[in-house]
Amino acid sequence: MTTRPSGRAADALRPVSIETGFARHAEGSALIRMGGTEVLCAASVEPRVPPFLRGQGKGWVTAEYGMLPRATHSRGPREAAKGKQSGRTQEIQRLIGRSLRAVTDLTALGEISITVDCDVLNADGGTRCAAITGAWVALRLALEKLVRNRVLARVPLTAQVAAISCGLTGAGPVLDLDYDEDSTAAADANFVLTETGGIVEIQGTAEQAPFSQAQFEALLRLAQDGTTHLFAAQRAAVDAALAARSDAS
Amino acid sequence: MTTRPSGRAADALRPVSIETGFARHAEGSALIRMGGTEVLCAASVEPRVPPFLRGQGKGWVTAEYGMLPRATHSRGPREAAKGKQSGRTQEIQRLIGRSLRAVTDLTALGEISITVDCDVLNADGGTRCAAITGAWVALRLALEKLVRNRVLARVPLTAQVAAISCGLTGAGPVLDLDYDEDSTAAADANFVLTETGGIVEIQGTAEQAPFSQAQFEALLRLAQDGTTHLFAAQRAAVDAALAARSDAS
Amino acid sequence: MTTRPSGRAADALRPVSIETGFARHAEGSALIRMGGTEVLCAASVEPRVPPFLRGQGKGWVTAEYGMLPRATHSRGPREAAKGKQSGRTQEIQRLIGRSLRAVTDLTALGEISITVDCDVLNADGGTRCAAITGAWVALRLALEKLVRNRVLARVPLTAQVAAISCGLTGAGPVLDLDYDEDSTAAADANFVLTETGGIVEIQGTAEQAPFSQAQFEALLRLAQDGTTHLFAAQRAAVDAALAARSDAS
Amino acid sequence: MTTRPSGRAADALRPVSIETGFARHAEGSALIRMGGTEVLCAASVEPRVPPFLRGQGKGWVTAEYGMLPRATHSRGPREAAKGKQSGRTQEIQRLIGRSLRAVTDLTALGEISITVDCDVLNADGGTRCAAITGAWVALRLALEKLVRNRVLARVPLTAQVAAISCGLTGAGPVLDLDYDEDSTAAADANFVLTETGGIVEIQGTAEQAPFSQAQFEALLRLAQDGTTHLFAAQRAAVDAALAARSDAS
Amino acid sequence: MTTRPSGRAADALRPVSIETGFARHAEGSALIRMGGTEVLCAASVEPRVPPFLRGQGKGWVTAEYGMLPRATHSRGPREAAKGKQSGRTQEIQRLIGRSLRAVTDLTALGEISITVDCDVLNADGGTRCAAITGAWVALRLALEKLVRNRVLARVPLTAQVAAISCGLTGAGPVLDLDYDEDSTAAADANFVLTETGGIVEIQGTAEQAPFSQAQFEALLRLAQDGTTHLFAAQRAAVDAALAARSDAS
Amino acid sequence: MTTRPSGRAADALRPVSIETGFARHAEGSALIRMGGTEVLCAASVEPRVPPFLRGQGKGWVTAEYGMLPRATHSRGPREAAKGKQSGRTQEIQRLIGRSLRAVTDLTALGEISITVDCDVLNADGGTRCAAITGAWVALRLALEKLVRNRVLARVPLTAQVAAISCGLTGAGPVLDLDYDEDSTAAADANFVLTETGGIVEIQGTAEQAPFSQAQFEALLRLAQDGTTHLFAAQRAAVDAALAARSDAS
């Protein structure tokens, strides 16, 4: 068993930071950095819902995902120029939307839509997980604004949600894969969890040989421990943003 | 806790049948039925690989997925007419392809591509899982044909792969959701497993509230038990097809 | 003059069968087989009409056509993946729709749309003709269901419609071309006829040299004789389906 | 039986004119007018063939069809802006291409492609027929130029080809429908014929009730007589164009 | 300094003609020729406005631009077949629309849309400028028709608008570039001007080295002088068209 | 004449900053801020040229432009999801590419392509101008890297290029419009200039009434003065980046 390319311990996250307010026009925004991965999450509020929900008194939360062409080691084609979003992009944005809806009380939200755009500015592995963790902060801040503006009586969130990837590598089961680890791992899994220990989404994939139940459970334990730091970072970012707004008023 | 809408036991599969040879031109094909779900899987062999693999001496296995417009309760739009495949379609066909590649020795396959088309003729829940289980049979038969034609020395498969959905419903954790259960389950998960007990893919989603690790493990156990029947059905279908060919020669 | 590759007489149809109810959710469906050609026709009823007909008290009947990628000798690209339907596909589905409308009393139908999906599961020549013949059965059964459900007072069809291809081959003018004949015929023609002897559509094409009026009339005579068997098969399939439903009630 | 809206006799063509050289850059071009219908046909020569023909020593002739948005009574959407060609457009351009190929000796042409663009500047019924008649002139002139430039030893055409529509109207079977007649005819048919009496394409469609064989034969006779004038107009246009070129040299 | 390839003086336009009524169905149309460049401009009136303007009591004027595939020296792909309009096409049609709106009193027009289709039949440089000059004539005639039909009380145009290209070539600053000059000019500029001396649009581009302010002003002077002839040609075409209509009434 | 909404003097730029290295994988990058407008410019080098340039020994410089959906006051649709780039986007990216090529010696560059992606993170007017100014810095740094890596002997740039918008507002002719001014200006113009006083591109548009030559010249003067500050900011950013690299080595 070897050490990780980054020298990190198996259960160590990369340095995490969450900066709010970067997208100046958005009702809530968070620029999340996890090591070399950097994702801008911007929540937009609209006072209407998609056709399939109209007249039901319920709201909607959805997400879109994109990657700047040169967020990656070598430039990728611009999806707008190719004229379609890749299967990977659609898979990721569906995952982010489901994760946010799993902790939102859509009935309490009422006939309001919130779209969280997650755009990767720099990529070094784990972009979908960083997007989920940051998107929750953007969503929370947008909902706080609706409360401040007396559109909502309270923030209709039932939990915090955050995500992290784990994988089976030459260094054994490890937490928070960077690009180098991700591209060579024998298996990887993305875990979307709540701060109360609940599982929102699990996506595990054998990239080479099938893996065992025991291996899978080791990855889940790493994720459960690792996300506690993400939940703390979310709370700190939200608290700081709310304090700043409060000072301003 | 209520009984299941179908009256099935919690750990009961729907009736499974696999008919080979339905797609007469395909190198291998399987029409799989799991209750009211029916998927035609057809494997096509081509003596070349996609550009990103050229010159590496390795083969490729991929899948495409589609649903006839009236496979479902109410007619859905034809993707060819809309001009694009939905995110759901792309997600599913990527999953099928990964599952097949996880049990194929691509180096032993050599510079050959096999595309398995999985088209849903009738849908009643679990189409992606049925597609994976049927696609493996189609792939196996196509590979057997390459061995018979002396293109390959042996069938380059390392395991059987099959898939099943499980979910948390009013009747507790149950195996092999039909459409009614799938659309009301609190959580569901798709498991892609090998006959040797390995995990190839796990996709678990909380549709309503987050679920616990214990609940997830209950679903995994149901899947592990349930797939033993699918592996047996795959072997029976392959054996019958090979016997018929052998008689014919 | 040579014999036909299949050994059939010049005026012989391939074996025909029509199985109803294959598409379990459809209001009417027919799986038609003409030799090695197999088309699944599924009729879907919707209680509204396209914008250009709204408020006129008239109904609409239309068709969509598709071919599974491996219905053919070598795999063709999936139209949904390519992002557009070929000119051939559009030409065929327009023909099927026109043929069905020519025998439907759209005023008696009222503001209802019926879409008949014709999907080729296996192709061996004559798919558009088989689709028309099968689509009429699916349409008829869907209309019978509307009568049973008292949405309509009577079945608003003015005639049966069926189609057959004929061609000038090395064996002279012949009926019901299979793929081998179709790809080498000097000329071919598709005839859409009613059981009362009326002509609904004629499409004749010189693939090599122009043909004469006398040759064309020989093809028309073959079609007129050949379709009598198709009309009988349609009636038998409808009668059996209606009898089964009647038993069930 | 009433008179025709235009007052024309049942077997009377509209005034026909064919002006060559309108598309100044094209190797051959013809602006054909049939009453209020006006189509610009421009033939372009390229010294290569499509991939499916490469290395066979044969040439290719194809056509594209378009209609200016305001060629019609009310403006239609621009197909380039909509992002796709309609089924009608594709059907027509396939018909034009087949008609031209039916009278071209592709082997004598050699590895050369000729594309004839047929663009409708003004529409008053019969645009596809006018396009075929004009396209033959454009093709002929392009081939003459290849002969003049010693690329070809002779013009590889085996016949003239022209087209005309006929229909069953309140005035009985009539020749060369204008828009008013076309939109109300009980049936119409397009005939693509050669000057030697051969049939290249027949497309007959019952717009309302099915029609009889006798009615169909009446339409065919009208077309056979009517096209003699079109063949004469083609020859006159070609002769004038060649004479002018000859004077210029 | 050399002479121009065409032998024209630096400040000489090519021969200009404007023929009205070519598009017989359009409310106003102009076929403009500037030397070898020929553009058909057809104005279509619709009694509604785009969604973003609804309920404001204002009208809309817009333009679409296209080029027949063989308008150019070598055939270009048909945009409708490619499935999208090029960036160049979109840039040009946006320019034409803005130019027309700059001289239209949209409030006086009321809730009416006018679309001017500009289709290039033959191209020899300067097609966007010819399109603007011709489009104004088509727009004017369509507005005159609305006045004649008492839909409008007066023609809601505030000025004439016309356009011309100028460029820096081996012959110095010159007016009205043809294709040969356009493709080799060191810089070129398109000027959209009113007959009262106002500037509506300027687009200047250095194709090779940057140019100086003095050079730019020389181009502007050429354009100001050159457009006086275009404004006269517009007035003559409109006067002739109105006189002919007046005679006819 | 009123004061500007921002209180700026007529000839005052907004605060400008250029941060290099933000896009960590790009060969050169610049995050430019002009007041509330923020554009990330990332240059990517590829050792090949587009097909139309192959074998000529020349290089290519091009640009792509995008805007994050919530860069603006209200969220706009994501172009990748809509499946096409707007006309505005294409117009802007063509402008950026032409501006960069006007100061690049493509022959000295050799068979290398450089694509500069300009993505707007926050928009407050003037995004295309900021993109050009920032893109030049990204391009310069990428070229410096090619020199450091001994791929090129020298940086093949002939000048600095920067851009600024000016407009006619209630406050008269003013420099560097923000969004409020831009959306209400009677006319605006974008100037792309070199530090040696050359004009690379001019785009002037009357949004309401046509403007005069004198007005236009006032705008040009503002731009000429204003860009001197941009050229200084470019040089400072490049010098700092090169110094940092030099320290690192």
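For clarity, chains are labelled A, B, C, D, E and F in written order, and residue numbers in each chain start from 1.
By our rule, a residue touches a chain if its C-beta (ideal position, glycine included) is under 8 Å from a C-beta of that chain, and two chains touch if they have at least 3 such contacts.
Protein identities per chain, from UniProt: A, B, C, D, E, F = Ribonuclease PH.
Owing to the predicted nature of the structure, the values given are computational and were not obtained by experimental measurement.
Under the contact definition, subunit E and subunit F share no contacting chain. The two sequence copies subunit C and subunit D touch through a face in which the numbers common to both exceed half of the numbers used overall. With centres set at the average Cα position, the gap from subunit B to subunit D is 51 Å.
A straight line joining the Cα centres of subunit A and subunit D is 60 Å long.
For the pair subunit A and subunit F, the distance between mean C-alpha positions equals 32 Å. Within subunit E, the positions touching two or more other chains are listed as 83-84. Remark: ring traversal beginning at subunit B, heading first to subunit C, gives the chain order B, C, D, E, F, A. Residues 22-26, 29, 36, 40, 42, 44, 46, 64, 66, 68-75, 78-85, 89, 115, 117, 119, 121-123 of subunit D touch subunit E in their complex. For subunit B in complex with subunit A, the residues that touch the partner chain are 84, 86-88, 90-91, 93-94, 98, 102-103, 158-159, 189, 193-194, 196-213, 216, 220.
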